[in-house]
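These are the structures, in structure tokens.
After this come two complexes, each holding chain A, first together with chain B and then together with chain C.
After this line comes the complex of A and B, so read on.
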């Protein structure tokens, strides 16, 4: 793979792996689920990754989709992704299913990891449907590190659940819950024993994530729960694209407009108001501003859930506003 | 002033004479133009390093910890594998643990949080300036730049005032690890081998550890809002408490990083304002633009020459093959003089805006104290400059012998204070 790519649209330049990979095999492993095994066309090693990592498949110029890696991190020759043909697909998964046959070429960017597995003596893994994909390498690592772990894997039916054969080797650490036989995952029982030495990892459809979040919010330690939302994090723009909103800088007496294609930071700076930033990715914390009014749409990695909920501060390099007007003490 | 370009075959950024003589700038210029990824041998047993000197490249490296890790340490020194974990602070940690540890205190350094120190800082700056201006000639470093940031740190850590001189001398010794005037034990010397288990291979690190442990014992379980109390009583978001070593190295970092670099930025800023009197006048005439002006002073000062990363994989950059394991040095000071990013980079222009300098780094390891440094520098010059009828340099400047910290040791000035 060649190195070097620029993600435009922000002032950020990230050098990531990007290159064309070849589909070595495309195998249907469950209803509507295809597993792609990708290799470098020249047989070169692929970049290293850790459980929880994902790649971008650049299907067309403006059709970029994130898929978790579900193979073996120690295998540097291949990477593997599993793709569900989504009925409400905006075209990404259908294109993967229809076009990416054995021998096809696809542009791949990454890997990167926003869902890393933190070392812990005990884990509870919860996978819903195709959300099993990032969990697969995680349980392999948990097993290798001799952690005490359980996986609860729910799906519509056995036929729709991928990787059942690969999971048999883990014996009773894995509990399969096909909905047509056993109903929904029983989160009350699964999460019924909050423990300080246990981390919870969950990936799946939004209703499952919301239910797990709600369970964990009451009696689990704050840092115990780790979630991955499909298509979240990397591209957090709402489905209809970004919207514009009014920006009031109370201290400067300015009323500005933040258009869809600019950050709050950019708009402030273009207005000639000095605002300090550094990473422009929502991680360094430098550009935090005091929020006086407006509903912040937080997209940073700095604030905790409770700090977000307080709605009194935001990282203006990435976060936006979900109400019509945002007022900052600036 | 534009430095004299140095021919490529004479560029050597491992030669500390170059930095002591303030001659690195001409080398940076040559590298940016002719060899943006340049291999530099080391003469003290180090394995050599790649110099990255263009702004965009520095930023790309700093933002890509998966390819350019901090886990193999971040100065030129290569600590033995067996001591890396005992010496590891957040500077040398990547990934979720880094973010969890960083977040313990990150928001305490946000601009909004720091506002509550503003009155304190104004009082402190006034006292410092009052004291210095009792004389017509004094050393700017000793009388102003050294004491003031340290006093701020003492306030944030809430250590007793009588400990201040000790903290200053610790800071000097640690950051001046390659300068014989500062360091009792020079890094990479024979003697330092006995201390390779300690940060900067310095025996002073142990003294700082010991003092930190004492403070921790006193404050564990308390509810005070000083940084030490917060550090010992908060749980990182990954749920893994601070180990003894985590705490030791975090505390050491606060003591060292919190004062030395700010001091250097102030000294360089004062020197720049003396050399550019029309800019000093501009500062006084545009008090509402002080924050903008401070950004230019910080760009100009570039108190940290570099941080280092290590390649985790083979990378080709500008046609050069960086191999896995190679040291990759981001020369922040050079990025701040990159003509493709800053028009007339060797001109001090306090009205420069926007000014996205790279003094504090970019990416996950961006300086956590950046907003504090900015505030300290702003308040110092807002306090000092209106009090001066005139200020001039009154003798030779001497520099720290280091390619890590761009430091001034001696900076004699002569002043005429306004009559109040």
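After this line comes the complex of A and C, so read on.
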């Protein structure tokens, strides 16, 4: 990411904002959920963000995890993230829980936002488990905008569900569905009244996202549903294995080859052209590039079906090309 | 390496008519808002600014609740604004409180009251959905009023859109061509490496120039000896559609530092027209009145030339359309500004008609 492109001897490097922040408080707010409040060690202002934004916590050199910001965007002094200790993770959440105590330092990159709240007179928010985190600033924004909204928040049990106290102030706009008391979220009822003036925002575990996607596909307007995934969908590598293709970087005037064992991102970086990248799993959206030509084989979890079909942008960390040549505006 | 020639695939077109509404804008400097009524236009709306008897800045829709007449042409009665045409009185919260022709005030008669924040010697106004104002920050610009800074500035309405202006501020290549005698001599040489740092809503560019002589005006004000070379660090900040700031910090051979802060406050008046308040803050020769006069004159001239060039750009965009553009690697900051503004425009909705003004 630090490699630059060179024009007349000038190297231009583009990178995301990154800095060391200090844990001002680490509070367990529900079973296995810790909320970190992070501040700049010198008291400097932190970058502005909007609801749906997330940051990378750089836990070790190759352990980078994305967490949604769940505090107040007007607060320039602190940011807040909530982290679920997840038993099947590769150690990121465990490291956050075990090491990021009050006073600890953590490297933070971003914020960036691939789940922006589009203005609308009406919203349905659906949060599953720790997926409530990006929804929290969204409902505050919807409330400030005097929009009509409902939140359906499901979790294993009340004790496992974070932020219940913060949600009480919204009264009957919020419906809590602890699974051990009430079963799963009833999507047939929640999404049973498709309306052109309503946007649906959902974040949660993959089975919930898939069910909401399926339920909306039948009778909701195409642009109504907004999802955020924090785990990659299962990769769809072709049965015959990966193939190589030609890569043209139009702005840089370079023609390169992407071999089967390398990503487009790797080939761009090795050619000395500066590109942003973060998760390398197709989930954070940082490395999106404009496509000028070629048939993209989308493998990411960021772009919607219609965005994929438009064939004008791609995540170069995981997506490839199904035609012989891919041309990027880079 | 050849430059890129293609219609821009990213972000908004610089001639776009849409205006970002979810943003605090610096509509006036604090000194010009007082007990005289001040009418300004912003985001295609008329805005009245004044100060209450206890000194609080107020922003109201500048149009009487009764008929199409600007309140700014009326007068102040204590804290109540009287329309100069019909005599309707409006309180600082916008409510109509007096009607000369009848004892009762029509129910619900009011003009929109806009959220105001006063900071760093500026009156910032929120023109979007009022409830959203508290969710957004006013940029922090302490060098506009802080101790240790000498500040000069001016204001101009420019026939160029806000995005044309920001792309100009983000363009690190053009200063030496627009104003060669003001620009640091370092700008004429080999362009140094450029680092562009992005967040969801901001862009920062940074570059460090090798030691070189200061431009004549600055050399005399910092007391540089002939032959002294100063290293220059430039940082440019897109803070919001309302503010672009540049830091120019020089360090002399003896380690002495001199800092300049250029603040460009942009308010879209309407599509293709902007008001710019510009300020030049320096931390050298601060108490020297003649230095202030000299700096003010130099930069009045400089900004005049920049804004005239931007008006030419806008006129060509209006006449011949956006056309193809060549982007070079140094344009990454300007392109990122376009993307941020495109995202803002995609997420916003117009303010409800009911809030613009509730006419009886």
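FYI, the second predicted complex is superposed on the first by the 220 of 330 C-alpha atoms of A that agree within 3 Å, B and C clash if a C-alpha of one lies under 4 Å from a C-alpha of the other, contacts with A are read in each partner's own complex, and residues count from 1 in each chain.
The rule is short, and it goes like this: a residue touches a chain if its C-beta (ideal position, glycine included) is under 8 Å from a C-beta of that chain, and two chains touch if they have at least 3 such contacts.
Since the structure is predicted, the reported quantities are computational estimates derived from the model, not experimental observations.
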(request) Look at A:301 in the shared chain and tell me whether it touches chain B only, chain C only, both, or neither; answer first, second, both or neither. (result) first
(request) Check whether A:199 is in contact with chain B, with chain C, with both or with neither, and answer first, second, both or neither. (result) first
(request) Have a look at where A:86 lands relative to chain B and chain C in the superposition and call it first, second, both or neither. (result) neither
(message) Quick check on the superposed pair: does A:78 touch chain B, chain C, both, or neither? Answer first, second, both or neither.
(response) neither
(message) On the A-aligned overlay, A:25 touches which partner chain: chain B = first, chain C = second, or both, or neither?
(response) neither
(message) Going by the contact rule set out at the top, does A:244 touch chain B (first), chain C (second), both, or neither?
(response) neither
(request) For A:221, decide between first (touching chain B), second (touching chain C), both and neither. (result) first
(request) In the overlay, answer first, second, both or neither for which of chain B and chain C A:283 touches. (result) first
(message) Quick one: is A:272 in contact with chain B, with chain C, with both, or with neither? Answer first, second, both or neither.
(response) first
(request) Identify the overlap between the chain B-contacting and the chain C-contacting residues of chain A. (result) 4, 11-16, 47-48, 112-113, 116, 118-120, 276, 290, 329
(request) In the complex, go through chain B and note every residue touching chain A. (result) 56, 59-61, 63-64, 66-67, 95-97, 99-100, 103, 106-107, 109-112, 235-240, 291-292, 295, 312-313, 315-317, 353-354, 356, 360-364, 366-368, 370-371, 374
(request) Going by the contact rule at the top, pick out the chain A residues touching chain B in the complex. (result) 2-4, 11-16, 47-48, 112-113, 116, 118-120, 196, 199, 221-224, 269, 272, 274, 276-279, 281, 283-286, 288-290, 301-302, 304, 307, 313, 329
(message) Considering only the defined contacts, which chain A positions touch chain C in the complex?
(response) 4-17, 45, 47-50, 53, 72-74, 76, 110-113, 116-120, 140-141, 143-146, 250-253, 276, 290, 292, 312, 329
(request) Could you pull out which chain C residues touch chain A in their complex? (result) 1-4, 6, 9-10, 129, 131-132, 134-137, 140, 190-202, 204, 240, 327-330, 332, 336, 343, 346-349
